[in-house]
Amino acid sequence: MTVRVGIINVTGFAGMEAARLLWNHPEAELVAATGRSLAGQMLGKAFPHLAAYADLPITTDLEQEVDVVFSALPTGASAEVCAPLVEQGLRVIDIAADFRLREPGAFTEWFHEEHPAPELLDRAVYGLADLYASDIAKADLVANPGCYPAATILALAPAVAAGIVVPRVFVDAKSGISGAGRGTGGGFSYSDVNEDVSAYRVADHNHQPEMAQELSRLREETEVAVTFVPHLVPMTRGIHSTCYAPLAESVSQAEVLALYRDFYADVPFTVVSDTAPHTKHTFGSNKCLVFPTVDQRNGALVAVGVLDNLMKGAAGSAIENMNLMSGLPQEAGLDHPALYP
Amino acid sequence: MTVRVGIINVTGFAGMEAARLLWNHPEAELVAATGRSLAGQMLGKAFPHLAAYADLPITTDLEQEVDVVFSALPTGASAEVCAPLVEQGLRVIDIAADFRLREPGAFTEWFHEEHPAPELLDRAVYGLADLYASDIAKADLVANPGCYPAATILALAPAVAAGIVVPRVFVDAKSGISGAGRGTGGGFSYSDVNEDVSAYRVADHNHQPEMAQELSRLREETEVAVTFVPHLVPMTRGIHSTCYAPLAESVSQAEVLALYRDFYADVPFTVVSDTAPHTKHTFGSNKCLVFPTVDQRNGALVAVGVLDNLMKGAAGSAIENMNLMSGLPQEAGLDHPALYP
Amino acid sequence: MTVRVGIINVTGFAGMEAARLLWNHPEAELVAATGRSLAGQMLGKAFPHLAAYADLPITTDLEQEVDVVFSALPTGASAEVCAPLVEQGLRVIDIAADFRLREPGAFTEWFHEEHPAPELLDRAVYGLADLYASDIAKADLVANPGCYPAATILALAPAVAAGIVVPRVFVDAKSGISGAGRGTGGGFSYSDVNEDVSAYRVADHNHQPEMAQELSRLREETEVAVTFVPHLVPMTRGIHSTCYAPLAESVSQAEVLALYRDFYADVPFTVVSDTAPHTKHTFGSNKCLVFPTVDQRNGALVAVGVLDNLMKGAAGSAIENMNLMSGLPQEAGLDHPALYP
Amino acid sequence: MTVRVGIINVTGFAGMEAARLLWNHPEAELVAATGRSLAGQMLGKAFPHLAAYADLPITTDLEQEVDVVFSALPTGASAEVCAPLVEQGLRVIDIAADFRLREPGAFTEWFHEEHPAPELLDRAVYGLADLYASDIAKADLVANPGCYPAATILALAPAVAAGIVVPRVFVDAKSGISGAGRGTGGGFSYSDVNEDVSAYRVADHNHQPEMAQELSRLREETEVAVTFVPHLVPMTRGIHSTCYAPLAESVSQAEVLALYRDFYADVPFTVVSDTAPHTKHTFGSNKCLVFPTVDQRNGALVAVGVLDNLMKGAAGSAIENMNLMSGLPQEAGLDHPALYP
């Protein structure tokens, strides 16, 4: 039986990417899509690349019966809308950051507002399917990971879990401009960001606590300290997270590769690469490519994770979570090669 | 009296950029330019953007009397050509890597060949004018810094010299594609590198020993360990070096900014920024913008340095060195605003 | 029964794009792939975005039994390889230009060599499925259209067929760099073509006779004169063909739109737009968007056609032809929304 | 004696480019700069690439005594501000479109408002220095050409003036995104315009009447009909205008080249190229490269003009006009090679 899906805020990049993926999903169908600014228009008319949805109206509220809801609202607004849906018994996947931090205090510290539904925080499962597939399968509320944390956690998880690195990491991430969202004013105009690289929110980005929290879960009695610096680079999609940590013990390149391969042996979308991966090799796909290197000269691990921020970093991951929550194969609708070049 | 300049290998990006700058230099003139592949053509015909040089032939060897030579040959080939010129009493600026590492053994380790002129290594001065202007002024052989080291050393120098960081740094650098040079085959075709970020030579790039050597010079009895990972990003010019180091003592953001401002108070081309700088703000200029941030949460320094890899990272720096070596004002011919947008 | 497909020269952009599409095709399967330079490697290893093909070897010659062959060889080489395959009774789709021009003399004039298999020219069907679906369904040798002609012919066909324009057209086309192919040396390096627009082969490109021949077929006793100028623009995929022709009679904007809509009413992949279309809205899809405008001030038609040069302009069109030749639904494996942004 | 210059609306791309050029001008100095949104800030602080202007305040109105004013206001607003300045005896260069169309009715038709100062239209000189240098030298009010018209008129002028083409031209122009101006909201965000080509205002752009008017001036009793279609391509700077016209008489490629070379023999900034020129070869320079080709097959002229839209297409041309109006050498402050790559 086809899973009926609703997308809240289909007009952002993550929402429209989920709609794109659902068009080719063999066992799920997009039946409702909301979006305040474009309500009343047909989805296929508002966004010419989604012309296939010629008859699906964008509405103010969800108007069809659905089994699963993706919320692509801004953080803060999202929890407020998700809470009653969870109470109604729907399966909800929150693509915003509302349910990622376990401590209500952490939410307030980083987002400067009270959490709108703190009672649901314990119920939410962190939706990184490569690590928590079985928990996700049982959940009715999933916190879809942030794009930077997804790439970073997958790059570091085997090393942190095995205890081969000192829990003191530096994370230097490079993102394409679509990470800034759609319709985001003058700051991301082509003339300004083309031929430009810049850091922003240096050591002060709200994906830092998410990384620290999730990396610390991976090994008992380990608190991982994270210095995180995001950068914008002139491309549309893609995240390249380069992670640095001192080694806790001496390991060889071959041992680290074997450790990583073993860790991800049964996972469909995280692939261990034996050469430095390219973001372009994940363009439009749900893959995360990870690549660990040992700097023997200085006793450090350099671990790279790359992914498409709108796919594995947002909508692709959401579909993956929907599949698990709905008893579908994890790869359903996601088994597409990357688009290259 | 006008300084007569010759460029060896004007057909690479660094060589042609030096030619561009010399056209508008008030007290120096390009009188000779070599380039094997295009010998016999006029410089202004071979490179339409240099049309002003309609009558300057590209030759196989330097055919005019010159005062100063820029060598933009590949590393290894460069020292061989420079050595006799130094002996003849010319002032030589080597834009290649031949004279940067003080130890002949280090050269062999990183470039896999014997150094062609080890006897000149002691005579060469490291040409980072923001730190060594007076030494450069007295030199007849200058090793022009690498593009990555220039951005990195300028970002870290005040902190290392003051001893406020542990001498264990992680350097994550992002470079535009022109850093790979001109005429470099299929690996850097537009279709492959557009919409792509990738790391390369992870913790194994030959600019690493240059960084380690030069940072270690800045403070007595300090050996700085450097893990260096370069990345290519889809833009033409620009380097963004993001440097991470644990703090050795507690300092505030204001103190670090003051330390940096003080350190660079008398230097024309390195500017301390109080916000995260953009590579685009240095496009076509000789400026290096540096920006230190304290990550108080984790006790770390994040120091950013950005510059145009063909200007302050190559030809601009070479002109600056020529000025100092020739008794001209340091800024002569280099006082151009960046081209924006 | 699944159609077994072989790709000759899978290592070019068109070949690898066909492989990508076949991975998700419901009724066809890639079973053999040749490629001289990478023979012996696994396809999924040679091209990381095609990792799914982990066990498909790249071979020197077709080694599996196949039903359909795509030839993505260079023009000239292609006919030579295709001829014996046609004789063996295989269905052959030539993505090169070998079978597009009906006159052997035209081939010689434009490609400066004798046609290797002139006896097959009459047998070949021009594979523009939006115009010739029923002929293609009966063919065993199809000449896949060039990327520029596909966009241009689809933009002009309704107007030429109806006789509303003077048969004297100016075609100004803009192409992404992938149109130049893979592994094509220094001429298309990122540093040279980024931030650049240039025309090339002005009024002398070998897609001109293809356009003239095919446009002239659309209306009896009409010979269409074509001035064609291609341009390269700094993007990877996409063709935007802007076509200009004097009106032969007075028509309104509404009449022209109605004429176009009527002409393409039953066609799945050519869509008439009522606003100026964007190449980006076809990225990764098999759609061609056409947009006719009447310049009433000067009595002229301006007709725009946009498509993805590797999809509708090459591999997507080839799949479409395979579907028709194999009795499959025309849209099989091609019903993907464009990837945006 | 140094010419004192004021820029009205220094905060747009044309205004800030003029400021950049004036910094290195040997005989002119920027002494005043207005800009409503950033009034009160220092120019060098508001725009980091103009850091050299550390002490020049952005003001609401011109506060210093000036000799020459550049107005970079939006069309309509500009004439209103320029009119009293002309009356005061200042030399005024209007970079907006207010004084380009000679007929007040044409202004109203295209800009949908009454002309604010129709009495000045006769006094204004069209500021294309390659054609009208001596008129400009005597003017006190100059209408700086639009970027598209500058490239187009220079590409076609020799052919139209000589009468070798039928006065019925099709102009297909491609522009970088900076032509859309600074701070222009969501429509030109990187994610939307990267990897995209699109036409806009097809046969309905307000630069069309400017082209038609100016081309018609070049030959007696000739009214030139112009169909003009502008396109946006993903680059920051640059215009490539490709112009098509039927030949009125038979001419050879060599004759056309000779005609063009002769026409521009005494002009510093328009250069006749004998190969298809690249926009990138004009990046940051004041050159316009023109390239005529004869399509002998169809009896047509294809004439290309390329330039940097912020230089020869706006601020560079304004400086050139200022030079002529002030008795300075035409090339003063503009003799810079293009920045490449």
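Letters A, B, C and D name the chains as they come in the text, with residue numbers starting at 1 for each one.
Here is the rule we use: a residue touches a chain if its C-beta (ideal position, glycine included) is under 8 Å from a C-beta of that chain, and two chains touch if they have at least 3 such contacts.
Bear in mind that the values here come from a model prediction, so they are computed numbers and not experimental data.
> B-C versus B-D: which has more C-beta pairs touching?
Contact tally favours B-D.
> What's the farthest chain from chain C if centres are computed as the mean of the Cα atoms?
Relative to chain C, the chain with the farthest C-alpha centre is B.
> So, what's the distance in Å between the C-alpha centres of chain D and chain C?
Between these chains, centre-to-centre, one finds 38 Å.
> Provide the C-alpha centroid distance between chain B and chain D, rounded to the nearest whole angstrom.
Roughly 36 Å, centre to centre.
> Quick one: report the Å distance separating chain B from chain C, using the average Cα coordinate of each chain.
46
> Multi-chain contacts only, two chains or more: what residues does chain C have there?
13, 176, 178, 182, 191, 194-195, 234-237, 277-278, 280, 283, 341
> If you look only at chain C, which of its residues touch chain A in the complex?
13, 16, 20, 23-24, 47-52, 178, 182, 195, 236-237, 271, 273, 277-278, 280-281, 283-285, 287, 289, 335-341
> Touching chain C in the complex: which residues of chain D?
168, 170, 172, 174, 176, 191-192, 194-200, 202-203, 208, 225-227, 229, 231, 233-238, 240, 242, 244, 246, 276-280, 283, 291, 293-295, 297-298, 300, 302, 304, 306, 341
> Considering only the defined contacts, which chain A positions touch chain D in the complex?
Within the complex, chain A contacts chain D at residues 13, 176-178, 180, 182-186, 188-191, 193-195, 234-236.
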